[in-house]
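What follows is a pair of complexes built around chain A, which joins chain B in one and chain C in the other.
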Partner chain A sequence: MSDKSIKDPTRRSALKLLGAGAGLAAASSFIPGISRFAHAEGAGPIKLGFQMHSTGIGASYGRWYDRTTQAAVARINEMGGINGREVVIVTEDDGTDPKRGAEVVEKFATQHNCDMVFGTLFSHVVYGSAPRAGELKIPYFVCSEGHHVASGALNRYSMQPGITDVRSQVQAMAPFIANNLGKKITMVYPDFAFGHDHRDYFTAAIEAQGGEVVASIAIPPTETSFTRYFPNIPRETEVLYHVMVGPAVLTFVKELGEFFGPQRPEIFGFLDSLEAVGLNTPGLEFLEGTYFWEGNPRHAQADQSEFDKSFRAAVGVNEMGASIDDPNDISTYSHMFSCWETLNVIKKGMEASGYKGPKDRQSLIEAVEAMTAFEHSDDHPQGAKVMNGKTHQVFGHQFISKVTNGKMVVEHTTSIEDGFYEDAVDYTTQSF
Partner chain B sequence: MTKNSLYSHCLHFGTIALLVALFFLLPAYHVGNLSRIMVLAVYAMGFNLLFGYTGLLSLGHALFFATGMYGLGMAMNTFGLPSELALIVGVVCAILVSTAIGLLALRTTGVAFMIVTLMFAQAGYLTVLYFGSYTRGDEGFVIQQAERIFAGVDITGETSRYFAALILFSIVFLLIAYLVRSPFGRTLVAIRENEERTKMLGYDTVRHKLLAVIISGSISGLAGAAYALLFGYVGATFATVQYSIFPLLWVLLGGAGTTLGPLIGVVFMFYLIDLSSELTQAYMLIAGVVLVLLTLFAPQGLAGEIRRKVFKWLP
Partner chain C sequence: MDFGPHLLLASLEGAVTAAILALTAMGLSIVFGVMRVVNVAHGEFFMIGAVIAWAVASSFTGNPAIGFIAALIVAPLIAGIIAAVADKLILQRVNYDPDRTIVATIGLLYIIQQTALMTFGPDARPVTPPFNTRLSLPWFEIGESGFVMTWPWGLSTTSYKLFVIVAAIAVLTGLWVLMTRTKAGLIMRATQQDSETAQAFGVPVKRVYSYVFGLGAGLAAVGAVLVVPIQQAHYLMGHDPLLLSFIVVIIGGLGSLPGTVIAAILIGMSDGIISVFFSPTLAKIIATLVVALVLVFRPHGLLGKKV
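On to the complex of A and B.
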């Protein structure tokens, strides 16, 4: 911050300026705002503010993020909590809206007296909320897969230690696609920032593998029918790369099937399109034999790890990726592990920094920045990871699955290194 | 000074004094909320000038709010302008856009005016997405804390942000109070009540309505620019139809055609959502029921009902 600027006076100093200090002391017990300064250090439970997409476009994700969070916290508390203290989750709905997201961060920090905030998924909510977290100096752990944190657009208080970002995911797909599916790619993506990230990062990554994007077809977000876009797919296309989100994906797949019939190119998509949607949904039969990126395999694989078994049991997901209680309630398995793993990173960070209360928030950030790797374990059931403390971003394995008899079977697991890229920021050089 | 005028002065300056006092009395969370509420109330006041006083229902005011927001945000992030200049850029952009929209949309009336403004706003939203390389589309972008210095003051802190919002609110609040009591404002009310008769009396109603659109759009744009500057985020969400409906709700709840109504409406809606969301995830249902009840039993809005039943002088 510029030295020339006038630092923001606190309300207390403003009151002193008014000569009301003595009166304030006498009245403090009657003014609810004053009580927030009396937050006891090191006593009582650790309060984690969970910014949840309960309503709005992210609600299906939010429901599963909540279940995962509750399961993770129950496990942490069973193991004795953090630094001997119980962990309590305070949940607020952000409506998947950036304005409300910022308000919720403020509420966690100044009304609920939370120790930190975590759990945001949708990128626009992260962008809207992170500035307030930085101003309020409260750690903000996002579970979003957006490239926002690693791009350097946010601030030192924002971290993403539980899930790989989209740039890394997209980049890691390129070698498999170029070597196994084809080198002439047509991309179909939604015409907003998430789609543009795919377009930009995948185009560069596939060119590095000797392939090329022969056509980029951006679909306006208000579109409900896609047939008129398909004639723009060049005949030379060897691989159709698609990433569609929202309810229109069902129409997209159905119309794609009607357009191509049995004579189709190889098809590769991101499972973001079908999170919380069953592959047995009518209209999705066309996906048989196509490939998907998965952040964590939805269907239990033949070589399923013990960690994945434990994780599924804890969050209440069966081997087909649906709720144990309701087979029609499909999980967001490719993303929801991020809440689990983030909470375990927070636990490690608090233990490493000897966290007692809000005055130790900076030590917590430094402790997470100092982390370098996470072992594949019950704490990290999705897989091993490498943490980049400078960019506040974690890197992990990605999975490429083929739809075979209605089940997604993992064909390839990328190395962590496949997703590495040059650092765009060094948050550790920023002041708190 | 007439008695009503004296009451009006007391009400307006009293409201500002109350907002100053609340800063010292309220807990930090509510102080933060009030900062936000005051900026949104500026947006609502801009809308109220057109809807409440002129009788023109726009469903596209998010376009003006977002224009101010992106005008400031891109001036700072893309062109590196200081915040003071960027604020001017944001407002100038809003003036230009509202002039253009006014010239086109005022060729229509009634329902057609609503639809035309709605469609322009939707076009604006899609334009933001289309130029995503510059605007970052739906994700939006952050204005870094270090850049948010205004007139040498770091406006990212609790105190400075609150008083920046209060100064902005007070200026627009008093300006609107003056405007609606001026001959210009009374002509707008006359247009609202009976445009044909106003025209027959010799007033250039087209010019007055165009000016109302421009002033209303510019104030909304100013609110958008201030919101971006004070809270550090610029995003396409603010250009969606939802953010065109919000000021309509705020003004209807608070009282259309009253100077205090927009502030009351924003406070009411903000805390209705905030408090009901603590009770249930179906908080929008609670909000909906309350809105229906208010519409049934207080059709003129909260301030409007107070004016109808108690204080006839309420401006």
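On to the complex of A and C.
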């Protein structure tokens, strides 16, 4: 060992170092977040991979899922993070494309070293991504409403604890439709997994109520022109049941109105057909008096809960369901609460399992599987829910609103039990 | 719906498709005819037209007709200028070499599409039609009690859709006059027939190319402005018009303007009718099959000249 290898620090360099240290300390006390989580257990922040539909046909949903996610995470961090650690969101665009979805999941797991992945909406992207999540053994929290999770088609790593699935939704709608609107129904739905869930489970549910589906019309989700599909609606139709997704939903609904003119049947739609579209858009006047399923009432109701009030304020949504900054920017209010609620379920699960890092992923899944119910609260502003750990699916209330003077007014709220059905799978028996 | 009214509705829908398609495909056809350039970015000029139409229309308040008319003037103009600049910056640099222009226009396609995504955003945006009245259509039948007029359920169109058809015919007539009755048309036709001889006679061929490329893009943009109150502006909307335009131009005969119009009507109407009675997917399959058959048995298209 030579004398040169160890140098006594000179007075000047020591001062510099001290100064830098003091500067850092001072800075950290001004920047919120750094100081709060500095002494937390575990290494660094918890990283959640947000698979976002920034572009492609799901972009309007993506924008609002992002705003909701950012608001939910800000709130979680304000309350001290998860297990004392800060939560950070790593966002990747999947282009609303199944192939890209699987690649994005891989990126989260291997490049970003995320603790888990969440936030996917479009069911074809879920179908494309979930198998990869299972292979990479990374928890995959879906915010999609497809029946894919509860059907048993996915794997133990895929869960949907923040939003009800289509099967449950349509089953809860069927009695109202059959008893109040009519028994001969024509369905118009998008021709992919999500739409097929509607077709299969609503047809069964309405038959159980003594009704029948007289025609079911599938439309490709990338379609831009719709009038040509409507002549297939039989004249005997008493209720037109519509659900549509994609960038052309407004055209779809407008052309529906133009087709029927003054002789429309009863119309029952899933709000998916009008998410991110204002009800006051020219051409939509005919919707007055029609009914909508809503996952969460877009227009603040007379009996609005305190939780809904604070949820709207946190995300930046006004009473009419539009952005506070831009009244023309309409939210996807029936779906986006799922990001908020899912993140709170993840928080609970991580706290219950004492989550420290990727090696605890399995105990996180087990912790969520062990959950049974969520109370209507700031964590779950849409309403109370029942969690089925075996099927990885949550169950909750649904809303049926009638368009009255340009506003959607809730006429009926279904009970949680209305959406129950027999378990199709028990994921807890599957190995990790 | 009964067969007759159903067919009428299908034909009306088909006619709107055909009108828009004729305009868009005409742009592609002129560009190929005069410049021998296969413009893969053509659908994106259509998209630019729609996006600018939204931007212009939404900047006007009050009567939607004012915004729409402004869009009808501004959008094709801007699309044309962008195309002319792209011609100067890109196509001239590769000397209009057929292989390289295809690759260059593919690049242009992505540049335009992604620029629209970054500026306009990923959402679909509506433009309010200047007028839009639902018109119920009557149907005539000879029944037991003689000749009767009925109003079948759902048989209707809108005044705006009829306007689209009329406007497309007007623009195409104007184009025909431009090509056959004016000096500009003469210059374009001269360039088309033999660009070297035209140059020898003092035709500024390079400038003509820029104008023609701009004109082609402008026509696509006119089609888009007309369609945007029916559909909506979206950054991915250029794909279908491109595909259908290619189909139309190949069937009609590359560079043949009357052939393009005939093929547009054929494809648009059959698309409308087949989609209504069977499925839109089948309509696309059949259109593509026709293209294959044309390429095998009549490679120069319906009215194209043998090369």
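Assume the second predicted complex is superposed on the first by the 369 of 432 C-alpha atoms of A that agree within 3 Å, B and C clash if a C-alpha of one lies under 4 Å from a C-alpha of the other, contacts with A are read in each partner's own complex, and residues count from 1 in each chain.
Convention: contacts are C-beta pairs under 8 Å (C-beta built on N, C-alpha and C of every residue); 3 or more make two chains touch, one makes a residue touch a chain.
Quick caveat: nothing in here was measured; it's all calculated off a predicted structure.
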item: Chain B versus chain C as contact partner of A:55, first or second or both or neither; value: both
item: Superposed model, chain A: greater residue contact from chain B or chain C; value: B
item: Touched partner set for A:154, first chain B, second chain C, both or neither; value: first
item: First, second, both or neither for A:282, with chain B first and chain C second; value: second
item: First (chain B), second (chain C), both or neither touched by A:106; value: first
item: Which superposed partner A:205 touches (first chain B, second chain C, both, neither); value: neither
item: First, second, both or neither for A:193, with chain B first and chain C second; value: first
item: Chain B versus chain C as contact partner of A:227, first or second or both or neither; value: second
item: Common interface residues of chain A - those touching chain B in one complex and chain C in the other; value: 54-55, 220
item: Touch list for chain A against partner chain B, complex; value: 1-2, 4-11, 14-15, 18, 20, 31-33, 35-36, 54-55, 92-93, 97-100, 102-103, 106-107, 110-111, 123-124, 127-128, 130-132, 134-135, 146, 148, 153-155, 191-194, 196, 220-222
item: Chain A-facing residues of chain B, complex; value: 23-33, 36, 126, 129-130, 132-133, 136-146, 149, 152-161, 231-233, 235-238, 273-274, 277, 281, 283-284
item: Residues on chain A engaged by chain C in the complex (per definition of touch); value: 54-57, 59-60, 62-63, 220, 223-225, 227-233, 235, 247-248, 250-251, 258-261, 263, 276, 281-283
item: Residue ranges of chain C touching chain A (in the complex, touch as defined); value: 1, 6, 9-10, 13, 17, 64, 117, 121-124, 126, 128, 132, 134, 136, 153-154, 156, 158, 230-232, 234, 236-237, 240, 272, 275-276, 280-281
